[in-house]
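Inspection log for the structure reproduced underneath, given as structure tokens.
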Amino acid sequence: MKFSKLGVVAVLAVVCVYIRAIFFTPFDALQGPAQKILYVHAPSAWVGLYLAFGLVFITSVLYLWLKDPKLDRVASSSAEVGFVFTSVVLMTGPLWAKPIWGAYWTWDARLTLTLFLWFIYAGYIILRGAIDDFEMRARFSAVLGILGALLVPFIHLSVYFFRTMHPMPVLLKPSAPSMPSDMVITLVSAFFALTLLYAWLLHERYLLATERDAALEGRS
Amino acid sequence: MPQGSFTSHAMTEQSLHATDLTRTFGTRRAVNGVSLTLVAGDCLALFGPNGAGKTTLLRMLGGLLRPTSGSAAIEGIPLPGGAEVRARVGLVSHQTMLYDALTARENVEFSARMYGVENVRDAADDVLTRLGAASFADVRVRALSRGMQQRVSVARAIVHNPSVLLADEPFTGLDSAGASALTGMLAGLRDSGATIIIVTHNLEEALALCTAAAIMREGRFVRLDHAPIPAREEYTALYRELSVDAA
Amino acid sequence: MPPDSMVPRVLRRAPGFVGSTLAIARKDALIELRSRSVILSALAFAVLAITIFFFAWDPTAVASIDLAPGVLWVIFTFSGLLGLHRSFGVEQPTRAMDALLAAPVDREAIYLGKLTANLAFVILVQAISLPAVALLYNVPMGAYIWPLVGVVLLASVGLVAVGTLFSSMAVSTRLAELLLPLLALPFFVPVILPAAQATARLMNGRAVSEVSGYISILGAFDVVFLVVCTLLYPYTLEQ
């Protein structure tokens, strides 16, 4: 498998960040080594829930306006990659939760709604699989993409409405970040590294979609 | 304004005019440059093999599909004209488009409401009587025979007095009594000035009814005859020749 | 001079938006009243749910006011789903949808008309289930009945708005009956979560002010999704 320049940079970035996270970042005083899952969990949540779905939303709106099949391919690629990252969030969450909270899962608002966003991704992928006609598939996916993305603010808001065990936001909150600077640097770097990884996977998936659509059109 | 005959199109107002109408689905051209002009009282029989694009053409003219390119106008209003155009068109097909659980009258009244007809009850009564469906107007559509259902379906389609009627294989599933009843209805509409396009495989009935005939193949008209149409035998031979797939 | 019969007796413009919405809602309601299939299966489901929850309940461990909200929202959600599939399904067998689309009716009116009919069915099922649960589980709801009705109605609008749109999409795909609940259920959660929480709190005697946050979320959801679904509906139709 040949790696594009972006691929090389992305994989290198990921490797470097996690070496730093594991060996060169101090442990959390309260949570110990388990806390390091944060460096996978939080950036994956950023990519899966906000970045990937945000792109699905934008390309869905643009598709309904411009009807360009390229937009549909970007949307579906972003959805598939976002689905993977969201799966990582749902897997790392319980791994972290068990030693810290004592339970793999709670039905608190943020967890529940993230799980259901994962279902929306799954629904998006299954919907596409259930439609053969290119145009209808693109149109319906765009509608679902827009609706699903509108759900995300309701998810983010819910943290402030329901009693929750989930740690309150640490970076994107009104006051200054409340972590030691070492950890902040690792965390922010992890965000960048996973964003690069997402960009590379998105690009590869998009190229695959273009090839596949061209082959199917040629055959019909 | 002098009374034009059906052939002097320049003098009589065009009720349907299409230029180079095209519709693509992906890379497939279902309708590939169709041009057509019809006036009030014209009845066009549209023949052609399956997959020729006849249904797609009718769906475009009926406002269900947007043309990819080209232009068309119904009574001077360009397509896609939205509600204005749809109000002037009626649609009939081999599917009845009726609600089985409702009575014939309820179906026709609903259609009248959807077209903004003023006096819904009277309009429905009137059209059901004209089409000989008054006796079973209050029977649920589910309980009617295929022929009676098609009659109600035509009532549904013309309750708003459309100037253009598009009929996509309306004779399907009708026995000879039903077919001649339908032919009678269509002739009546043609005589009262509506413009009709009938897609059908029924050469005999259609040629007797129509003032124009076209053969469609692979998205285009390979032949278009306005009145007078060639005699039935000649046309049948032509049709066979033109619609048989080469190789 | 065109022949007399060509002079239109009809209004040469589209029927009014509200008028056509109501006509479509009325038509759907009439069809359902004739067959009663949805209402009967929804009520059968409600009876089943009430009975099963009752038999699975240990009254010494759980108070009825803790059980009732769950029972209610299971009934409301699943019976709502039953009606949704039929909503556009009724237009399929004879391609009646084509006739509707060929008419000068606004596409948004088709969506809102069907939404109205679906909402009416859902409310009918709720109007029966709510007193049934109150009676059978011995939960007197008199003190908070109006706030409760408000919560239930707000939630119902949200469920039906999203469900009607997905019904329109699902009906044109393979796996239509699987796809509708699969697509709709994630959207139901931000409605059911606050609604069930609010119901539970009201049943426990909390003041209405305590559930105002939940009511706000329901209201916000309704506004956002009603508007967006109405705008998106035409895109679920062939272009």
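Observations on the structure shown:
Residue numbering begins at 1 within each chain, and the chains themselves are lettered A, B and C in the order written.
Convention: a contact is a pair of C-beta atoms (placed from the backbone, for glycine too) under 8 Å apart; a residue touches a chain by one contact, two chains touch by 3 or more.
Keep in mind that this is a model prediction, so the values were computed, not measured.
Taken as a contact graph, with one node per protein chain and an edge wherever two chains touch, the assembly is complete, since every chain touches every other chain. The most central chain, judged by C-alpha centres against the centre of all protein C-alpha atoms, is C.
Using the average of C-alpha coordinates as each chain's centre, B ends up farthest from chain C. Here the spacing of chain B and chain C, counted between their Cα centres, is 38 Å. Averaging Cα coordinates per chain places chain A and chain C 32 Å apart. The distance from the centre of chain A to the centre of chain B, each centre being the mean of the chain's C-alpha atoms, comes to 52 Å. For chain A, the set of residues touching two or more other chains reads 135. Looking at chain C, residues 238-239 sit in touch with two or more other chains. Within the complex formed with chain B, the chain C residues making contact are 1-3, 5-6, 8-16, 19-20, 23, 27, 30-31, 34-35, 90, 93-96, 98-106, 238-239.
Residues of chain B touching chain C in their complex: 1, 3, 40, 62-66, 82-84, 86-91, 93, 95-102, 106, 110-111, 113-119, 123, 140, 156-157, 160-161, 163, 192-194. Chain A meets chain C in the complex at residues 64, 109, 112-113, 116-117, 119-120, 122-123, 126-127, 130-131, 135-136, 139-140, 142-144, 146-148, 150-151, 154-155, 157-158, 161-162.
Listing the residues of chain B that touch chain A in their complex gives 25-28. Contacts from chain A toward chain B in the complex involve residues 133-135, 217, 220.
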